[in-house]
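Each of the two complexes below includes chain A, the first together with chain B, the second together with chain C.
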Partner chain A sequence: MSSSLIPQLPTGPKEPADRAPTDWKTQAMQKRIRRRYARERRFRLFGLAAVILSAAFLAFLLVTMVANGWRGFTRTDVTLPIDFPVTGMLVERAQLDTRGADLALAGAGLENAVKGAASTAFGAGGEDFISENAWLRVREAIKRDPSILDRKVSIEVPASTEIDQALGGKGTPEAEAAVARLQQAGAITRRFNADFLHESDSTDPVAVGIWGALKGSLLTMTVTFLIAFPVGVLSAIYLEEYAPKNRWTDLIEVSINNLAAVPSIIFGLLGLAVFLGSWSLFGWRFGPLLPRSAALVGGLTLALMIMPVIVIASRNAIKAVPPSIRDAALGIGASPIQVVFHHVLPLAMPGILTGTIIGMARALGETAPLLLIGMRAFIVTPPGGFTDPATVLPVQIFLWSDEVSRGFIEKTSAAIIVLLVFLLAMNGLAIYLRNKFETRW
Partner chain B sequence: MTDAPHKMSARGVSVFYGDKQAVKDVSIDIDMDKVTAFIGPSGCGKSTFLRTLNRMNDTISSARVTGEIMLDGEDIYASAMDVVQLRARVGMVFQKPNPFPKSIYENVAYGPRIHGLAPSRADLDAIVERSLKRAGLWEEVKDRLQDSGTALSGGQQQRLCIARAIAVDPEVILMDEPASALDPIATAKIEELIHELRGRYAIAIVTHNMQQAARVSQRTAFFHLGTLVEYGETDQIFTTPREERTKDYITGRYG
Partner chain C sequence: MNAFALLFLIAGLGLIGWLTARARANRFDRGNARRLHSLPGQHGMYVAMWTILPALLFIAVWSAVSPGLVRDAVLQHPAAAQLPQFDFERDALLAEARRVANEDGATAFDPVAQQLAAPTRAAQSRYRWMGTAAAILLAFAGAAFALTRVRASFKARSRVERGTMLLLLLASLIAILTTLGIFLSLLWESLRFFQQVPIADFLFGRHWSPQVIDAADPGKSLGAVPLFWGTFFIGAVIAMIVAIPFGLMSAIYLTQYAAPGVRKWMKPILEMLAGVPTVVYGYFAALTVAPAVRDLAVSLGYTYASSESALAAGLVMGVMIIPFVSSMADDSIAAVPTAMRDGSLAMGATTSETISRVLIPAALPGVVAGVLLAVSRAIGETMIVVMAASGAANITLNPFESATTVTKQIVDLLTGESEFDSPKTLAAFALGLTLFVITLLLNIVALRVVKKYREAYE
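So, the complex of A and B:
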């Protein structure tokens, strides 16, 4: 054993000459320290200012929405006295118990009878005090109790938009005078409008409801989630855990990132072309494969749009699972699929859910692509299923904000409140699920 | 066992990562009643070689293994060999304790459950208890089996990982620097445990700690730059190494 194998202690460069000890008390040093603290304080103030500014914007938004919107959840009713024997309506009593009741009452001139009763009760022009749909309420009352056709009754019917607006202090002078008269007679009431929550679109702002659009949104979101979540998560698992790393997977990764940045209206065009276009294949022509304006097509289109977001978020969440966990499971003989479903996926789930909810929130608020696939139609009955014509909340808001009638302003705000509540409920659910799946290390 | 006296035997094993050769033509035997220690400087290929013994290198797509590794006379790289079953027979303990973020009970029960080793809940309870006892952890955790495995101390976590490996009743246990992240007391416990497990399982251990190799092993293999420099009885390696490089390494002259 030669001594040359003993490692030599490293000899560094020669120490420079001793320098004077740093004096931390000099003027320059003190100034430097003060400047550093000032910079710190300034930075913290900027941050605080930014938070306050955004909170103020949010508060302003919420306050204006609620201030404008709460009236949308209420309605004005006028108590209308009707003396049915005087109207001279001829109705076969036997028909009122059958399915033909609506037709029989319409045929007997109920609409005109109600208008006439309004003129009688409130003087000339009285028929303008009540909504055009007022006779429908009377019809329901008759169907409930046909005996009222023999006597004089008072029925609460919806007021017209003019009266409704005048009660809110935004009407014409004539309407406000009429309201004053009605108030004196005690014939006008304002109450919570449950109809708003279970009716659909209408041309008359006092008769509109949000339920059709809400149900359309629910159906659309269901389709979107059922398609985008499994496909997105499975793609992410495949790309992260199974796919070889080569030029093709790189290309796929770049494409997914680009897709996430594509404007939503392009996805609308894609949905239009793919799901609703007519195809010609091998000489055979196919008509549109799926129905227009349906929640099914809207959901598929939005699923295409948010899938990249889910894939990217899921891949990042899967990547963040420590490799030692995979080793541990593989080391005791778990198969790759067991490693993924028993260990990787549960640990990645909070991140995956966060990504999914960001995507779903985006889809819920999306309007442009749905306009292109025909979901902007005027739909007066709530969709019964995934293939029925439907509209969604943001499109409904867009349509109402475009209406000329003043009554729609507060309805638009009310619809926005419903949309925000829906969004908050969805986010709340996501936060609950995330906390449930979160693993404490 | 008369035909194949060695539990595992590697013949002419080379491992490539892409173009780079990490292990060069290594031949080693692992026996039931002997602990085999792999020593050598960092990057010498000893961990890579260890991972070929239960095909953990399969997870690295660029890794390629040539040569022959037999387990009870069966080629583990043959296409007929089921990797999942192989890893149940050849268990592994890693450098950093890596319990699952689940309860202590679930950590140990996971292996038997996925391999269907416990037909009933009572059987599973018995396996968990026996494994934790063999890993010397039972007394410390028997009252808190439902606590998270990650809440244990580092040394306890590593013994939990050993219990987890034992629970699937392997024939061979591979340990990749099992005590390098632990304090001296926890290390001593692990070494003691290795002593107790010898004979029941064939054990191969990678270590950076020369004293540890001398204490726990009966056979030592010294790796350097991917080659197996010297391989023999531990007593002989540490007292009268045949190779100059071995001597330099164990006396701390390089590495």
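So, the complex of A and C:
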């Protein structure tokens, strides 16, 4: 094979016996050398350009996300003066201490009262300055201190999406004019939006949060880890330490290597057909084996997907443990199982954990298979358990990116920042583990 | 009792069994230590295994079987006589009854389903209690059986080790089962698809419009050639035009030119490109790259440019693939014997001449294999094309026009609202099978090439 790649040297008797040595000082030769060196510099520059452009693309991607996303962590509040006696709301004070407080306030027409207050304060159309959910904030304020119902107070309520966007310079001319007026009155502020971190999905971009999706991701990852880690490590131990060299072992190895290269969406199809499809066996027909949209199904599917990654990483880690350790343990009377579980496995653990974390990071960023098994539901309350309908962070990003409202752009980017922070932390942990515990024998 | 409580209970029983057996083994006659075969902990493990494993096995089997039993019990109920005879409608009503039975405050639209909710709940709780009782009984029986065998002369260690070995073997069989599961489930659904749509229509038809399917001749609108072309065009042409030069050149620069310090920092940075989730790339492609590409097309005088062009998706996909090409090229260049490189340099060749005339030709099989793997990754890539490519199936050579891919169509077909047996959803599985087979072939070819290449130099 190599012979066809390397040019054959001309062989034969035609070599002139007395060839004059090349005179490198001639103009032609000097020019040729210059040309070759120029080509060398050009080539080197191409290489450098390739590296720099690739890195620049990464930097551009990250900068775009941060530039779009940092506003997603903030919110715009409008200071709304409300004169409760004027609104004419009739609320039974005694009810405010009971569980029926929410209902009582809603029934008393608080929502309309707040809208009315906005129109009074900001002129006609003023109710469009505040968010649809603004009255919920007022409700909480009343519940904290019912005495405000007797006087005029100023309450900070979330601004509407239009005002929020206009403050960022991306709104309609009318909204920007409104913002200018509000700013003049000192009635508009921006602040860190802690709600983004502990709310769930919503139709209103100023009210959305990522906690629901994040919790779904955590539940899914738990299932994935609990299945993929033991199974992956155990099969790596078997293949590396005990498997006899025969056709079956080869078959297992080939399957694992191929599984590592199967596109992720295929695992989604597998999950859909096997876990969620209808089965019939011996004349009995089963419904879906597992509930649709649940973290359990997503976790199982992702576990099958990252298991080969864990197996391959674990095998490499186990292979790196020197045979002398096994020989020494065997020599003092340990059984083959004891050799592996008492000596080889603890020594290989850092490598195995590194591989596992990298696999888990891949699972955390995975979207396509989860779309197919239905984890794209509109989740307003965070999932309470493994079988509740859930969504995960990447799918949430995908869903928000499909939204028409402009306010979702910054929320999507903010969610991407959260996802990237998690992935970066996981990869950093993997690198730290590798550097700290990896032993070179 | 819910499943987690049961699992905890059984694990607790196993722990108690372990402690008991260990305590009992500790009281063996120490004076006779030479005759003891196993350590106390091993006796404990033996008992714990017998406590936990049969019960777990039973729970696994029971949870697969009990829905069928519940169904049979519900069908015995007098109200079930009103159920329609057709399997599909009957299953839908039974599922509705199950939902009403399991959720607080849910009500069914159908009166029959509402009537069946109570019997469903009764049957479910009956079988759940039966299963729980049987599992606990099995755990106790296993523990009792194993505890009676704990004696000084009992070879607990060999039993435990045989059990462990079996566990290891089972774990490694899961890989085969998964592969088999993928292949069979895809094949099964695809066969059902090909019963309705002739295979030749699917593979060679040039018209793809799953939105309107002619019931008489579904094959007419389910020809997948535009999809195959779009996948090839985006994944194997546009993406590779970006990924191959960038990946190869950065591998060459980092291995041959860069100072160790630069290499140490730049390599992980480039690898980060592979670690960014694909949904982020997809969002970036749709939000930033696609409009830029459209503006470019318009400024080039191409007024009907699509904002979901093949070029935008392909470009971003190419960037994602750079690290794969780069690391494969890196490995295969590093595998070329240093003697060849040194020989070329000693003859007076410049570094670039050495690279392009000696290293690259020698490393070519490895590079080609890397490119094949990169192509297989690119054509299986989903989120970028789902978010940035269009759904319109065109056969086009113009990168500014829209093209669609196999993966994008799979997602579109399966996330819409349609029943499971329609040719539309089954088509997704046929597409999946095609994708699976093609990526598998690419991988096998790539591995063959690498293997052959290694033999040549080692």
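As a convention for this text, the second predicted complex is superposed on the first by the 378 of 441 C-alpha atoms of A that agree within 3 Å, B and C clash if a C-alpha of one lies under 4 Å from a C-alpha of the other, contacts with A are read in each partner's own complex, and residues count from 1 in each chain.
The criterion applied here is as follows: a contact is a pair of C-beta atoms (placed from the backbone, for glycine too) under 8 Å apart; a residue touches a chain by one contact, two chains touch by 3 or more.
Not measured: the values here are computed from a predicted model.
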{"item": "Touching partner for A:N435 - first (chain B), second (chain C), both, neither", "value": "neither"}
{"item": "Contacts of A:G333 with chain B and chain C, given as first, second, both or neither", "value": "first"}
{"item": "Touched partner set for A:L58, first chain B, second chain C, both or neither", "value": "second"}
{"item": "First, second, both or neither for A:N427, with chain B first and chain C second", "value": "second"}
{"item": "Which superposed partner A:S147 touches (first chain B, second chain C, both, neither)", "value": "neither"}
{"item": "First, second, both or neither for A:S264, with chain B first and chain C second", "value": "second"}
{"item": "More chain A residues in contact - chain B or chain C", "value": "C"}
{"item": "First, second, both or neither for A:R39, with chain B first and chain C second", "value": "second"}
{"item": "Touching both chain C and chain B, counted on chain A across the two superposed complexes", "value": "1, 5-6, 335"}
{"item": "Chain C residues touching chain A - in the complex, by the definition given at the top", "value": "64-65, 67-68, 71-72, 87, 91, 94-95, 98, 157, 160-161, 164-165, 167-169, 171-176, 178-179, 181-182, 185-186, 188-189, 245-250, 252-254, 256-258, 266, 268-270, 272-273, 275-284, 286-288, 319, 322, 350-353, 355-356, 358, 361-362, 364, 373, 376-377, 379-383, 386-387, 407, 410-411, 414-415, 420, 428-429, 432, 435-436, 439-440, 443, 447, 452-453, 456-457"}
{"item": "Residue ranges of chain A touching chain B (in the complex, touch as defined)", "value": "1, 5-7, 244-245, 322, 324-335, 338, 342-343, 347, 439-441"}
{"item": "Residue ranges of chain B touching chain A (in the complex, touch as defined)", "value": "54, 56, 59, 61, 84-88, 91-94, 96, 98-101, 110-111, 114-115, 148, 150, 161, 164-165, 167-168, 247-248, 253-254"}
{"item": "Residues of chain A that touch chain C when the two form their complex", "value": "1-2, 5-6, 36-37, 39-40, 43-44, 46-51, 53-55, 57-58, 61, 64-65, 68, 230-232, 234-235, 237-239, 242-243, 251-252, 255-259, 261-267, 269-270, 272-274, 277-278, 281, 284-287, 289, 304, 307-308, 311, 335-337, 361, 364-368, 371-372, 376, 394-395, 397-398, 401, 409, 412-413, 416, 419-420, 423, 427, 431"}
